[in-house]
Amino acid sequence: MKIGVFVCLCGSNIAATVDVETVAESARGLPDVAYAKAEMYACSEPGQAAIRAAIEERGLTGVVVASCSPRMHENTFRRAVERAGLNPYLFEMANIREHVSWVSLDKAANTRKASELVRAAVEKLRCNRGLQRSRFDVHKRAMVVGGGVAGIQAALDLAEGGLTVALVERESSIGGKMAKLDKTFPTVDCSTCILGPKMVDVAQHPNITLYAHSEVESVSGYVGNFSVKVRRRATFVDWTKCTGCGLCMEKCPSRKGPDRFNERLATTTAIGIPFPQAIPKKATIDPDACLRLTKGKCGVCAKVCPTGAIDFEMADEMIEEEVGAIVAATGYDVFDPAACAEYGAGRHPDVINSLQYERMLSASGPTRGHVVRPSDGREPGTVVFVQCVGSRDLSLGRPYCSGFCCMATAKQAVLTRDHVPDAEIIVFYIDIRAPQKGYEEFVNRAREEYGVRYCRGRVSSIYRVGDKTVVRGADTLLGAQMEVEADLVVLAVGGQPSEGARALAEKLRISSDQYGFFMEGHPKLRPVETNTAGVFLAGACQGLKDIPSSVAQGSAAAAKALVLLSRDKLESDPQVARVNPKRCIGCGKCVSVCPFGAIRLVETRFGTQVAEVVEAVCQGCGVCNVACMDKAIQLDHFTDDQILAEVNALCREWRVAN
Amino acid sequence: MSKRANPYLPQPGTIIDVVEETPAIKTFRVVLDDPEAMLDFRFLPGQVAQLSVFGAGEATFVINSPPTRMEYLQFTVLRTGEVTARLHALGVGDHVGVRGPLGNHFPVAQLRGRDLLFVGGGIGMAPLRTLLLYVLDNRADFGHLALLYGARTPQDFCFGEELATWGARRDIDVVRTVDAPAEGWDGRVGLVPHVLEELRPTAEGCTAVTCGPPVMIRFTVQALEKLGFGPERIVTTLERRMKCGVGLCGRCNIGSVLVCRDGPVFTKAELDLLPNDY
Amino acid sequence: MADVAALRRTVLEILPRVDLVIGWQRGPDALRAAPLLMRNAADVDRLIWDRTCVHNLATFLPREKGKKVAIIVKGCDSRSVIQLVQEGLVDREDLTVIGLPCDGVVSQAKLRRAADMDRLESAEIGADHVEITAAGKTLRMALDAVMPDKCLSCAYPNALLFDRFVGDPMEPPQQRQDPYARLDAFEALPLEERFDFWKREMSRCIRCYACRNACPLCVCRDYCLAESRQPHYQSQESDVREKWFFQLIHATHLAGRCTECGECERACPMGIPVLLFKKKLGRIMTELFQYEAGLDVSATAPLLTFQAEEENIVEKQWL
Amino acid sequence: MSGMACSELKIIGFLCNWCSYGGADTAGVARFRQPTDLRIIRLPCTGRMDPLFVLKALLGGADGVLVSGCHPFDCHYSSGNFMARRRLEVLARFLPVLGIDPRRFVYTWVSAAEGAKWQAVVTAFTETIHELGPAPRVLDPDDAPLRFKEGREIWPT
Amino acid sequence: MAVTQRFFLAHEGPGGVAAWLSAMAETMRVMTPVREGISVVFRDHSPEAPLDFGGLDTAGPKAAVFPQTEYLLRYRAERTAPVGGHRGVKLEEVRPEGDVLLFGASPCGARGLTLMDQVLLRDGVEDPCYRIWREHALVAAIVCQAPYSSCFCNWVGGAPDDARGSDLLLAEIEDGFVVEAVTDKGLAAVRERLAVATEEQARAAAERAEAARAALPAPPDLDDCPARLNAAFDDMDFWNEAAAGCIHCGACTYACPTCTCFNITDEASGLAGERIRTWDSCMFPNYTQEAGGHNPRPTRAHRLRNRVLHKFAFHPARFGEFSCTGCGRCIRLCPMGLDIRTIIRTIEPRTATQTTESRTGRAKEAKHV
């Protein structure tokens, strides 16, 4: 190797406290160094030109620049040496500004330190190898997992962006939580009215394939080339024939199945369409409730169906999708307040959760929009809202704030006033979190214009006395114990990752936080990316958020996926792990430690197993390199030899020339 | 202190030319820095030398320039390990060490007057080149010449230009073969031993000299015997077994024979006397 | 301990179904055994089972990978087998494990300190004693005095993984020594003495790699970092630094995997107590992760996983 | 820079590219003065940090080794620092059995924003190393006498 | 070199061991066996440390004249001129320096040196460092008094009082050692310094040596051993079985007083570096590894076969004697309990049908109650 060393003065930034000439001179005593020179501004155009000229004229095969932080200019110099025909990875930097000249005024010590850093850089460079980026094809198709508002937004944006999209929804209709809401805050406009058209767009968009009543079974492959198996759960209704007329629902004799769409406030038929605006508007049979499927009797729906769509023999179907990017938008589940025994949810009929209340408020809900006590169907006189149920509660392992409940409660309190003008409305709260546009004003309106009484304090217990539900708590502002005889208690429940989120995370090889929310690539800078290239996050699956944030993130995730798939070929970063199959003993430790699932074991022609890195997936962290005992797997550009060369250069007694 | 020659001491040399033969093979031309040492450097075809890359170590290579052309010493190097990788990174003007000549040589005296069949595979062409050039430089002393040279793909042939020159000569038959059909290749296809059997060279009056990977040698020798080449008439070289090169380190033994001292060139007849340990 | 006749019968039963059975045979003297690879019935006659069967035969398993192998194991040895299976280094389907109960073997190192073992004439091993005649002198010693430390603190006298168990399982014997007694004694020395101790001990090392090759979990073999040039972790020079560094490679590669079987130290021809390194790591694994290697084939080794909140790690705080 | 009586000692720092290396840059940009003993090696992630590098350095002549990476949950590669924490904690506890003062090795977390913390870490660690003085050398140039007292044998078992 | 003069070295007092060693230490490095743990190793003599001649030096005296690491050359690259360009390489031969007295070696260890000489000091090419070490080393061996169970020096032409390879041969009697000056170098070291032994002392020494010789069991006839080994070369069943317990470590070869195989590698540091010669072992897979990937001895059976045949067939074919001194170190130190005596005694050519039979049963059972 013929190495050129360029020591930057950086004006006086370096030269003031480092003797750059001495550093250059010491470099001339280093192995393979054929040329060493000080440069006024190495990164400037003349500086870069000098480097390029030296490469060309002197036949340099490697370059070290001692200047600022590589985080600043590594790419600059890599491009410069590349322009002179050198592989950009035959370049190293020694940081003698941020780590040397700027942190000490001791010129002698700085000069020595700079010389040693140059020595380490040269020694590393001697172990470098030119690396090539590899290019690979991509599938110009995306998958969105979860058809709530975030997933819908992502799917629509992706489809509008020109990609084809597969949208996978677990329920028989898209819409998610938002479809269950009556109104949205802070505008109090109709949830279905704003979501419905989007749902229709999904159904009608030529670029979108909708898989409702389906789940992701498995995911293999890597960015640009995912292969996803989708399980279409049996609906027992041939959707190609079903027109959504609803005749089957009318005739179905089984009417005691839980109505999941209405949050079990009511029961429903075994066959049916969950709600009038459902997309797709197709019937599904609940096999647990259907008399034919459970007891072998009945079959009324098959008789009445005008298109003969009923198929009791239907089985789950597997569909293989090839996609280039995946957006996870699996949303959240509401917290089950039964875990808080002191609130009596599930035991006292007039204690319901906020989503149930939302269904009660809805004109299409089980009470057709009438606010009633579930125990006797009478209109309540006193309605109590309890906030932070299942949120900010360390004892439940939920220290986080769910974010949307304060506003939802305010909205529901306001709506309660509209439905029951005389009601006494009390909200127990700990803090009010209303930071977004128009939120704080909305809460104030609830208090001031709608006469909602906000009591600051935690509810200690809720119990039943006669036909009343007593809420006991403390008003910490007044410093007094409070007991309220309520007719209806609404628990403002928080959220948690949706059921199956962890399993999906494993399939997607993305990580989850301690609660099960998906981890973003970086909390600030990569909020919709994950550490698995090609997998993006939208909505509450990443962390609880309200509708506008979910929609924004859906669009953001779509934009990221569009950027990714806008290219015909993807380039992989060549700083990836590489396996020497001769050394590999196939123990798979690398596979188990890789955070990205980038390594797999493959069989050799001798029948043994060796590890193989999927370059496109590897992010280059090097965790595998350490786990590998015989060092068969090496992270390119940070190989053991390269790091050891630096260690040796800095530690061992140095035998200089002459 | 007794003044005896230090058998470990290389002579400093400088690379004067590098030829990229294939993606994995380079040829290095080296002259010793001491002009007198260069003049004193006497060897015969088949002898080897240890090339040093200081800091990486030494490795054994056949000197594949013939002793009849002493402008430089030529070594052809397949990149396999640390030393060869470091060698490949060197260029014109870089310094190496040369320790040699070492070992015995092809039995040129016995070959005189005979027909010669060269059978080479891959990097194994290098030792054959030395002998072939030596023979061509003393063309009148030898009978008919034939060369069968096999490589994995058309890109893996070394000495491209020379091959063309030899191919154009009337006094030598050159056949090249690759392991598998390849685009743009109109030469022979097939493994060396198979092609050899197809060619059916005459054993009468002929000595075969073969070199290549161990598996190829094994089957080539079998094919040659089938064709009627007697064990005395099959010559090969085992220089890949050599370690220290001077008979001291002990690691190249085959039975009581040390390849570096008693070889590396052996006839099949000589090998037949040794245990099957190579 | 199980009787050898029963063991031989079991081996004879299994032998037709496997390529080989690994056991022990008599070695160069009456108190030394040697491994025995049995391929046919005649070989089984040479099989022994007594307190000289010190070798952890699991070390041969990775070498015989791909064959159908049966192996005879003591409780401690079985932990190495478990670890190998856990790491996928041997295929459980190819393996037949013959488990034994064992309440202790004899230590050559301890015998050597007590008697002139190089001039051993005869030996008799009783229920609680060993009687040795060497260099014309007869010496009777308590068995405990010549057992390896690991036997004196044995918690697993019965094979933990087996397809066949020969003999009756034993209750764990009374712990006669703390498993970390020797480590404690060593760590009671001042730091600089410990450092110098290793300098002296490692200076005796001849880099023969018996420690490595006897280790059932050293599976890199031909590609060990000790001799590797790429990567070049260490030089071939035989100075203390290189020898010591090799021990550290060995030890760190065993962190969370080592079952403390002691083969490394037993194999060392120069009597260097290299097991101390592994004992230390073993104790760290217990302290930090409540983990003991070689107990559960489905466990994940602690250094191959993590917890976001580590219970036992207190990170450095800066003022 | 109090307590820096003796001249420079050899301290090697292994820093992850994304957080701590950036933190050290931030400290530099802010001109936070630091002792000059530390030499930094850049790694992509502390997950790349092989405990053997530390041992290589400590046996090879370093007087102290500092590893710094992203705070828990902030790893660019999501879990490299978690893996590193286990490996390095084990190493830290292992050093005493070698007779190496465990204070000579520290691992910690510094984010790219924490220039001031970086300054504090470097200063405090360098002070510690200076208090400890030069590390004992494996290869003594003058074959210094062993401080191991004969008779305190640790026997093979 | 027929020198038969005998001297007396007392245990204590003037003219005693301590005084003589101190005198010798004035002009040379003195190494004596020291017991460390369960090993006996040669260390620089320190007057305070107790001498220990009770045990066989664990790894033999080989390292004193054939160090595990020998620096063959140093090289150094020249500095780049400010304008750049190519640099030359300066080579410097390294030669060992200084005399050394190896006191208290075993005769079997010392005899190994003569067998090493055959390999390393052969005509034409010789190892320059080894030559210097040999010329500068003074070997004082002590006659064995009572053989080990692993000893078999009399199988291979040795004896407890074998003088070959020693410069001085010491035989311990009641109050000291009778010192036989085997070489001129040995004679020079004692002539001026020690008293001549009395006839009575000499006779006592001879009697002890005779007793030691008698204590060794009668040797088997190994005359046809090379032939038998050569004939069994291709009997892989035999070698597989013989190597069954082998873990291919280097304990046997590194402790062997006759093994001399070595490796040569470069170790660089910056612009300078060394070419070193380090011990290699034929039991290691890398020993015969070829750069192209082929390994002619892929299994431990192949490698064990070479080790045994080298000592008992190949070396004798070249040099007329076994490359083994019967010291038994390989047996003592083998972590797996392998015994080379079993192989050389039992091996015989087999036909294919015989290959499955056991041939190594030996009645050595301890009584296990």
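Letters A, B, C, D and E name the chains as they come in the text, with residue numbers starting at 1 for each one.
The criterion applied here is as follows: a contact is a pair of C-beta atoms (placed from the backbone, for glycine too) under 8 Å apart; a residue touches a chain by one contact, two chains touch by 3 or more.
Quantities reported herein were computed from a predicted structural model and do not represent experimental measurements.
Which chains make contact with chain D and with chain E at once?
A, C
What chains, if any, are shared contacts of chain A and chain C?
In this structure, the chains that contact chain C and also chain A are B, D, E.
Averaging each chain's C-alpha atoms to get its centre, pick out the one most distant from chain B.
Most remote chain from chain B, centroid-wise, comes out as A.
Based on CA centres, what chain would you say lies at the far end from chain E?
A
Does C-D or A-E have the larger number of C-beta pairs in contact?
Result of the comparison of C-D and A-E: C-D.
Using CA atom averages as chain centres, what separation in Å is found between chain B and chain E?
Comparing mean C-alpha positions, chain E is 38 Å from chain B.
I'd like the Å distance between the centres of chain A and chain B, where a centre is the mean of that chain's Cα atoms.
Each chain's C-alpha centroid was found; their separation is 61 Å.
Between chain A and chain D, what is the separation of their C-alpha centroids in Å?
Each chain reduced to its C-alpha mean, chain A and chain D end up 35 Å apart.
Please tell me the distance, in whole Å, between the geometric centres of chain B and chain C computed from their C-alpha atoms.
About 49 Å separates the centre of chain B from that of chain C.
In chain D, what residues contact two or more other chains?
If we look for residues of chain D contacting two or more partner chains, we find 51, 56, 60, 73, 79, 83, 87, 155-156.
Can you pull out the residues of chain C that are in contact with at least two other chains?
Where chain C meets two or more other chains at a single residue, that happens at 109, 113, 200, 229-230, 233, 239, 266, 268, 271-273, 303, 308.
Would you please write down the residue numbers of chain B that are in contact with two or more other chains?
Residue numbers touching two or more other chains: 55, 81.
Chain pairs in touch?
Result of the pairwise touch check is A-B, A-C, A-D, A-E, B-C, B-E, C-D, C-E, D-E.
Any idea which chain E residues touch chain D in the complex?
Its residues touching chain D are 37-38.
For chain A, which residues count as touching chain C in their complex?
513-514, 582-583, 585-589, 592-593, 607, 627, 629-632, 634, 639-641, 644
Within the complex, which stretch of chain D touches chain A?
Counting only chain D, the residues touching chain A are 8, 10, 12, 17, 21-22, 24-25, 27-29, 31-36, 39-45, 47-51, 53, 56-57, 60-62, 73-74, 76-80, 83, 87, 119.
Please output the residues of chain C touching chain E within their complex, sorted ascending.
26-37, 39-40, 42-43, 45-46, 48, 50-52, 55, 59, 109, 112-113, 118-127, 135, 200-201, 204, 206-210, 212-214, 221-222, 227, 229, 235-239, 263, 266-273
Which residues, counting only chain A, touch chain D once they are in their complex?
69-72, 95, 97-100, 102-106, 109-110, 112-113, 116-117, 120, 511, 513, 519, 522-523, 531, 575, 593, 595-596, 619-623, 625-627, 635, 638, 640, 643-644, 646-648, 650-653
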